[in-house]
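Chain naming follows the written order as A, B and C, and within any one chain the residues start at number 1.
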Amino acid sequence: MRLAYIWITLLILSILIPAGFWYVDWSKSGDGAGLYSRDWLPEAVFGYWNPDDFYQSVDTVVGEFEGEECVACHRDMSPGIVKDWQASRHAQAEPKVYCSACHGSDHQNLHLPTPDICATCHATQHDQFMDEKRYGFPSHALAMERALDAKHFVDKPKAEVTACLQCHSVATKCDSCHSRHKFSAAEARRPEACITCHSGPPHPDDETYFNSAHGQLYLNEGQDWDWSKPLQKGNYPAPTCAYCHMSEGKHQVADKSIWKFGIKQINPLSSGNVVKRQQWIELCSDCHEAEWSAQQLSAMDRERKQAWSKLDEAEALLKGLRSDDLLSPSIHQRPPYPGDDAHTLLQRERIGFFEGQASAFYNVSPIERDYFDMWYFSNLGAYKGSAHGDVSFINKGHKAMDQQLEDIRRKVTNIRAAGKTEADKTDPENIWLKGEYTEYNREHN
Amino acid sequence: MRLAYIWITLLILSILIPAGFWYVDWSKSGDGAGLYSRDWLPEAVFGYWNPDDFYQSVDTVVGEFEGEECVACHRDMSPGIVKDWQASRHAQAEPKVYCSACHGSDHQNLHLPTPDICATCHATQHDQFMDEKRYGFPSHALAMERALDAKHFVDKPKAEVTACLQCHSVATKCDSCHSRHKFSAAEARRPEACITCHSGPPHPDDETYFNSAHGQLYLNEGQDWDWSKPLQKGNYPAPTCAYCHMSEGKHQVADKSIWKFGIKQINPLSSGNVVKRQQWIELCSDCHEAEWSAQQLSAMDRERKQAWSKLDEAEALLKGLRSDDLLSPSIHQRPPYPGDDAHTLLQRERIGFFEGQASAFYNVSPIERDYFDMWYFSNLGAYKGSAHGDVSFINKGHKAMDQQLEDIRRKVTNIRAAGKTEADKTDPENIWLKGEYTEYNREHN
Amino acid sequence: MRLAYIWITLLILSILIPAGFWYVDWSKSGDGAGLYSRDWLPEAVFGYWNPDDFYQSVDTVVGEFEGEECVACHRDMSPGIVKDWQASRHAQAEPKVYCSACHGSDHQNLHLPTPDICATCHATQHDQFMDEKRYGFPSHALAMERALDAKHFVDKPKAEVTACLQCHSVATKCDSCHSRHKFSAAEARRPEACITCHSGPPHPDDETYFNSAHGQLYLNEGQDWDWSKPLQKGNYPAPTCAYCHMSEGKHQVADKSIWKFGIKQINPLSSGNVVKRQQWIELCSDCHEAEWSAQQLSAMDRERKQAWSKLDEAEALLKGLRSDDLLSPSIHQRPPYPGDDAHTLLQRERIGFFEGQASAFYNVSPIERDYFDMWYFSNLGAYKGSAHGDVSFINKGHKAMDQQLEDIRRKVTNIRAAGKTEADKTDPENIWLKGEYTEYNREHN
């Protein structure tokens, strides 16, 4: 009898597991890209952000052209980019690295260079960059893949996803940082190379670095520094993004990360983090006393603990409401996320990072949105202020978290006092049916 | 019988039309300026922003002075501005363009140079600048006139209007962009020349340009560019405000405008806009593939459509409330706008751009203000992000619009549930009587 | 009989007055610092911000080292700071001012240089700096002392106080402005030296200066100015923070202050302020017409008056609620501030600057917080915009004040309509017991 159960289970698994693999493969084989490639088609412009998947040359010029020929025409047509190339190491190399080396020669099948094309010469940097994948997301190397696999990319109006993909294209094209066609290392060492993407909530790296004493020194005198020097001890009077996060020019940016960008609470003294901490102290010691650096990191531990004491209370309050079925509209009233088939069996409001709230921007009850804002904007702003030495963002972030927590407390009190029926009256089911991330939008996307 | 009606109508019109002209003339002939010159007097400082209308020299130095004499005294009194002049082309010209050429010689009747004084030498630039008037408002050339004619300039506390007029003075003095007394074209080509005014909501040109890849390139290496070169293909490694909006140095800035600054929904593919679109693609093609440029513009069309789908829903909800007399305080409860004589006959809440809400900053019900904020701040921020390639502002703007739309939906539901009587209880008539843009303020202005 | 009363009173006073002094001494003699030194202990990192009170060298290197010896080791260990020193006047002086001159020679008892150490050579600057104490707070010289004496520094989570003290350390270490180890006067003259601290709400000096025409001129061409020149008429084409506030290099920054940083309403035409006004006009006249400057100051007077007309109305509304015991939670429901012994006798909600609301960040009813935000953020932002010539901040600040005042009016109407009992239902006593600035936090600080 028992044996029969085992055989039956194995039989079912031997069908289900391949079926699962097949289903994922099938999902990914649509005209779009990512896990939801059958539900979501890119706009034409996406070809420029993710050339491997989407770029199609529409060029009408016929012929094969090499090196000097490319330059001869483009010197008049687009003199700016030719000048940039002429100022680059590509033009000084022997032999020169011409346009055709990266774009191809057949003018009707030109391609936009992807990282693997750059890797034919710059293998070390490419390998370091790809090594980030081992560290999971967030990381540069997984920026495009994980974005395309996210549920809310299907649901979100395509016109807005365009904005997202511009920065997430850091995974699919090297000129996010090394601006074409000079590809200057000196330029990429400056903070401006990073902050086209690393600015604004939820990652105010721009604002917090430039508000810090380090950033002010850069602004004050950075134009006189010798940017041709490698990112090493003694070469720069103050650190920049790359000096700390890509020290010695290493293109693996994720491996010193301790606090996981502030998105979840971690143990800052795990064995792995103690090693990373030592790496930071060594780095800071290029200029500062080691004890100073250690105490700065401890101060940051405490700032994080303080932030999470606030976030945890908010999360607990919301989970309490969910237990008592007081969130409104409830998950049964909201339209499901696309491809959220598993959730139709076991629906639940997602509250907090571990339940996947990163996808829950909008399709939530108002109090869940308050918590999301508290977590994603105020908390992450404070984190960046703390990490980069910008006290104004620590203050702003914690002040905002205090206010949001207090507002959440009050709302919880009110919702509990009013009870489900009363709350429903002011939160009718049909509100979300007209919102983003809904069937409505999907039809009109 | 019919003939009599025609005669009577013509008779009435022959009285009313001249009377209308006479009334406008009379309104404009007060001690102030603009349509409400009898209701609104400027502060003394306005003379510096709008010298033609308001500047009165209060100089106590007696005498007539020419060229070298001016310099001889001011070299000690105000050495900075003399040094600026000495570094200018005015001082290198043959003959030199001295102080007196622009300010006059009689020290008790000195004038502040207005554009027509500059035009005596710089006629082409002045003509191009004035040509903007053909394109209506917003435009630089009409900035002062339309501001002075706006109802809310009368009503708004004078201390705050001072702030408005500083930027609107771009119409009445050339040194808004060409800072005195160097008047350097090289300086005016840099984005800083524009962003003293073009920053902050509702027109975050500053923020969005500097967040863009273009802006970051400028910040990264702009100090090494040769700013003496004209704004032409191949002269600049990345574009600035002026490179795109004043290409080849043309002082007509409004004529390539497709989306009308995001303040109203337009047909982006009208015959006129298709021509402008081609002009943009040509301009972008100084550096980019033409197809790339076309797709960027299409992406912007879609972003705009997305924004207006949200704004239109909000507008429709509010117009629904108005139809059912559920806005509170209603127009009958609010103090009228000054000079709003016509509206006493046909009062109505102004909702949306076409009904003139641009003037409706404050004298509105709370839900109208929500819509105004959604339209004027969130929407225009997203527009500028979209136009300048700053994804953080697209995201911030649409996130804010989503939240504001959802808040408006909820409020509408609540107001309809509560009904007029209930809503009145919490929005008593006397709230606005103490507000800005009211009789109260006008008395104390 | 009367005589007896006098003797008894004198007897009691002769006990109470010394007892008061003794109590303050006792309070200050704890392990922490300031008036609450027994309730509040600093974190280790505070030693770097306030070395006199808290720094303890933990160095393990044994020995006494002088000049060349320090440099010999640190040239390899921390080459960046040695290069900075080599570029400084300290290294060019005869004899050289070596590391040991400021840090001491005994490597296990090194100290961080405090202002009095710098004063051994730079007495004039130090004396001017300390003279600010005569002008009270806010001032640089009292920044640390007054912070440590503030009630909310005890109550506020220590992790957040760390952020505060970084800027308040301007009183206790000269390298807040003269960044170590170059200590360049040229660098300190640039605005970046100031804005590490002077940015963000409630003192957006950074934002408002850089948005102004002055700031844009600096951004546009500042890199070409000769920063080695003293801060005097004719040396700079546009003013910076230091040019106006530290003219001629005077290290007394507070003595030209008219409006007291916008935190309270002052009489701008008091005899003292008329003198200061004349000083400002003289300063502005380095470049501008005197009349222009006078009118700018008048415009600022009016902007301030306008701001206070809004703030005063809000304050009056709140005091009315307090009189009628309608603030909720009331002072009796909220946990007391630490060390607030006197207030246990005469408790009252603090509303407005003169009642000490500067300490009332959080432990307040929601409507008090609205007023605090209106006063501390919107008002001060408008003030800075007005003072620095940034019209966008004037507009933003006044728009925000208008909205906040209107919200306060509505809330007051609602609270009065609902009455105390109803209000209590939604503001239960236990909300604040879980908040910051409470017993709860103090235990877990």
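Going forward, a residue touches a chain if its C-beta (ideal position, glycine included) is under 8 Å from a C-beta of that chain, and two chains touch if they have at least 3 such contacts.
This is a predicted model, so every value here is computed, not measured.
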Chain groups still in contact once subunit B is set aside, others held in place: one piece
Interface numbering overlap (same over half, different under half) for subunit B and subunit C: different
Where subunit B and subunit C are represented by their mean Cα positions, the distance between them in whole Å: 36
Two or more partner chains touched - positions in subunit C: 223
Partner subunit B, residues of subunit C touching it in the complex: 211-213, 216-217, 219-221, 223, 233-234, 236-237, 285-287, 291-292, 295-296, 298-299, 302-303, 305-306, 309, 313, 385-386, 389, 391-396, 398-399, 402-403, 406, 409-410, 413-414, 417
Partner subunit A, residues of subunit C touching it in the complex: 43-45, 47-48, 58-59, 77-81, 83-84, 157-160, 162-164, 166-167, 179, 182, 187, 190, 192-193, 195-197, 199-201, 206, 223, 361-362, 366, 369, 425-428, 431, 434-436, 444
